[in-house]
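What follows is a set of structures for review.
First chain A sits with chain B, and in the next complex the same chain sits with chain C.
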Partner chain A sequence: MLRHTLCILLPVVVVLAVAPVVYRNHLLLFNFIVFMTLAQGVNIIYGFTGYLPFGYVGFFGAGAYGFSLVVMHLHASPFLALAAGGLAAVLLGLLLTPLFRLSGAYFSIANLAAALAVLQVVSNPALEHITKGPYGVSLSGVFDPDLAYAAALAILAATLLLVIYLKNSRFGMALQAIREDAISAAMAGINVVRERVIAWLLSALIAGLVGGVFAWYISVFYPETVFSGEVSIFAIVFALFGGTATIVGPLLGVVILYGIYNAIGISTPQYFQLIYGLLIMGLVLFLPTGLVSLLRRWGIDVP
Partner chain B sequence: MLTYTIFAGLLFGLYFSLVGLGLNLVFGVMRIVNLAHGDFLMLGAFLAFWLFNLYAVNPIPTIAIAFTLFLLAGLPLYYLLVPRLLAARDPEMLSIILFFGFSQVIEAVATIAFGTSERSIPGIALGNAVQWVARTFFGASYEPGPVTLVGQSFPLAWMASGLASALAVLFIYLYLYRTRLGYLTRAVMVSREEAISTGIDVHRVSAIAFGIGIALAAVAGIFAPFMLGSITPAMGVDVTITSFTVIVIGSLGNPLGTVLGGIVYGISYMFMQSYFSSWANLLPYLLLIAILLVRPSGLLGRQVRRA
Partner chain C sequence: MSPDTPRSPLLTVENLVKRFGGFRALDGLSFDLKSGEILGLVGPNGSGKTTCINVVSGLYAPDGGRVWLEDRSIGGLASHRLVHLGINRTFQVPKPFQTLTVRENVEVANTYGRNPEGWVDVDDLLASLDLKPLAERRAGELNSAQQKMLDLARALATGPRLLLIDELAAGLNPAELGRVAERLKELARNGIALLVVEHLMGFIDQITDRVIVMNAGKEIFEGIMAAAVYDKRVVEVFLGNGDAS
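Up next, the complex of A and B:
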């Protein structure tokens, strides 16, 4: 565990902490942090428990709106508001725990529907006095990109630490056992329901915190920005591309795919969408366990 | 108001069952989730749009053209994607991701080809088509305009779409229950393994079911400009979610349950539109979650879910 912390977490955090000094486009670096954290959040729930959260963005959006509402209505400090964002996502996660009675595709689709339902509620003009409805939120009062960047980096570090813990602990092993065969895992004395819900809520908390810090950093956004289905999809595909249930897989996926996205996706989004779609199809058909499995096949051991 | 709501709901319900039917056929036969379903519908809508604008082809002959084209396109597509997918460890889950990728490809190609602007087909096109059908096949004269039913007046497009959908559902019923190929298809739906062991060419049956599935989506797409509003390359996602709601209500893997699902959905949609219009967009999502939680096997379903 110490080895993983030193060899993976430390270099990633140091590079991202130093990068703003040498690289001007801070928003881009910030987005890399956001997606690395989200991809790891998906990794926790999909990689370790096998539930594919197609509506993962619901937690991200809940976090962003939790943050914004507390700032707008209570004029709270950003750190308190971040906690509120995390709390909002965890509450949404608790609300959605009945979905675990569903399996496979049913769970994914219900989760997607839940995220879209939250978007419909938040962006409804009837709630304009609370959420500002479809007209978006402006948080110029707490605008402080440097501090928000540092907070995002701290959240990424904590998330990585959590994934390293999962990879090296009884708890993580238990989750993977549940993923492989829930009934056998229960026979072996694992409390299936409790462990699964803990992983789910941790994953929601991560997305909520990231959503909050995202709201803080960009400070002006619309409901569609923070509930964009693209966020879930990006996070899932990045995690899958690198390889789930690993520590470096999702990071690798973000660096490569989000890198490509920024190289060609901004100027010609439809060509990126095309390449991206083809990549996803190729991935599922030829490399369903991710890049890391390819490296392992070549005899390079990757945690 | 109430009669109007119920009948309009029924017409929309028939249309929504056509929208969901193909998705359910594919899921029932292959146990995979075609997340690109809505995008095939979008392609069907654009086919109707271009045929009408370039060659002045009415929406009704377009049905035959779209059905044939998409059925033929579906066969190679099946052999390209599905057998490899079914060999994987968790086909159901991977199919979501695979077809999501495919839907991205379709959407991107459509955006490159058609641009992002919203298109629509004038309602008179359908009116003329109905007039033509009435004259040629029934020798009746008919003036395009709203249709009066049970003392209420409904747009012609709703009637025509509802009727065409009902015919398509009937066609699928006859295919599944009155032809040999349909008989084999139902065998594969009940148990893929047993179908293989009795010597059924499962891949051939599945490929045809896949082709029919996306062809039905394309046919539903022809009526999309009249029923769902203007068409854009990005409309697929919402349609896919709606289709999902419809087939989950009816019950997954039971194509005829889709009709019930569509009608329940259509009537509740119209009620929301009439009485709580600002929250109507929430309906599909809430209905979907509620049904999944209360009765995951759908209204008509047997218990299909494991664990």
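Up next, the complex of A and C:
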């Protein structure tokens, strides 16, 4: 565990902490942190327990609105508001625990529907006095990109520490056992329902905190910004591309795919979509367990 | 525990009923099982043997009747709670944690199984089932006989008092069969109660103290295996009622 912390967590955090000094596109670096954290959040629920959360953005949006409501209505400090963002996502996660009665694609679709339902609630014009409805949120009073960047980095570090723990602990092993076969896992003495819900809520908490820090960083946004299906899809594809149930995989996925997205996706979207499509098709056909499995095939042991 | 000591049953099954739609897979099954005893459950396909194991191990809740572990009613408890109370099982088609190593498969059960005697020595357990050389291999790479042994190792790591064995012998070669039979008898000598579902009659005859023959969810015979083959109803169930004699 210490080795993984020193060899993976520390370099990632140091590079991202120093990067704003030498690279001026602060927002891009911030977005890298956001997606690295979200991809690890997907990693926890999908990689370790096998549930693919197509509506993962619901927690991100809940976190963003949890943050915003506490700032707007209670004039709380951003750090307290971040906690509220995390709590909002955890509460949404608790509300959605009955989804675990479903499995496979049924779970994923129900989760997607749940995220869309939350979007419909917060963007409802009738709730304008609470959520600002479809007109969006402005939090200029707490605008502080440098501090928000540092907070995002701390959330990424905590998330990486959690994934490193899962990779090295009996609890992580139990989650993987549940993913492989829930019935055998129960006969190993594992309380399948409880452990799965813990992983789900941890994953929700991470997305909620990231959503909160995102709201803090950009300070002005519309409901569609923080409930965009693209957030779920990016986080899932990045995690799968790199390789789930690993520590390094989701990070690699974000660096490569989000790197390509920013290099050509914005200037020449047509080429980007072609390259993205080919990359993802190639992945599904030849490397269904992600880039990390290719490295392992070459004899490189990637944690 | 000495075989001569009078013992109260460890497991008592009373009038157990399990329905799937209109089909009664278990239809009033009753039996009991003492510590250190090996009870065979035999019968044609579909007679309810595996359903019985699935109900006792908590995979299915019973639709009627009672299941007792000593003086505690356990019908309908979740599987992991039954494991913690000392019940475990193997599966007809073993389902190991494929991407985990053989050692990790056993370690998971060792950690979460709440073995009353504390954690087992995983190396010793693997060695006793000929799995030691495979300890660092992924479970998905094992052949089916090795996976069955791993399934048994996973169950034993939790320190069961009652072990339900579902067709462990099928697919094993004669040498492996002999070793498994000896291993199961040794477990019984150590006080574990075993309920064994099996189609290989020679194997059942070799290891069991008594058998229950089932048909259509009901018991049709109880006694020693040697007597079962002379029972008219048992012969009818297995061979049909035409030329049985």
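Rule of thumb we're sticking to: the second predicted complex is superposed on the first by the 300 of 303 C-alpha atoms of A that agree within 3 Å, B and C clash if a C-alpha of one lies under 4 Å from a C-alpha of the other, contacts with A are read in each partner's own complex, and residues count from 1 in each chain.
By definition in this document, contacts are C-beta pairs under 8 Å (C-beta built on N, C-alpha and C of every residue); 3 or more make two chains touch, one makes a residue touch a chain.
All figures in this text were calculated on a predicted structure; none of them were measured in a lab.
Under the clash rule set out above, the superposition-derived model of chain A with chain B and chain C shows the two partners fitting side by side. Once the two complexes are laid over each other on the shared chain, residue contacts for A:214 go to neither chain B nor chain C. When both complexes are overlaid on chain A, the residue A:103 reaches chain B alone and has no touch with chain C. Once the two complexes are laid over each other on the shared chain, residue contacts for A:278 go to chain B alone; chain C is not touched.
Look at A:170: by the touch rule set out above, it reaches chain C but stays clear of chain B. When chain A is checked against chain B and against chain C, the one touching more of its residues turns out to be B. Contact with chain B, but none with chain C, is seen for A:113 once the two complexes are overlaid on the shared chain. Angle at chain A between chain B and chain C, computed from CA centres in the superposed arrangement: 80 degrees, to the nearest 10. When the two structures are aligned on the shared chain, A:183 is found in touch with chain B and with chain C.
Shortest separation of chain B and chain C in the overlay equals 10 Å (C-alpha atoms, whole Å). Common to the chain B and chain C contact sets on chain A are residues 183. Chain contact summary for the complex, chain A toward chain B: residues 50, 52, 54, 98-99, 101-106, 108-110, 112-114, 116-117, 120-121, 124-126, 182-183, 229, 233, 236-237, 240, 270-271, 273-274, 276-281, 283-285, 288. Partner chain A is touched in their complex by these residues of chain B: 33, 81, 84-85, 88-90, 92-98, 100-109, 111-112, 237, 241, 244-245, 248, 278-279, 281-282, 284-286, 288-289, 292-293, 296, 305-307. Taken in their complex, chain A has these residues touching chain C: 170, 173-174, 176-177, 180-181, 183-193, 245. Chain contact summary for the complex, chain C toward chain A: residues 57-59, 78-80, 83-84, 88-89, 91, 95-100, 104-105, 107-109, 111-114, 151, 154-155, 157-158.
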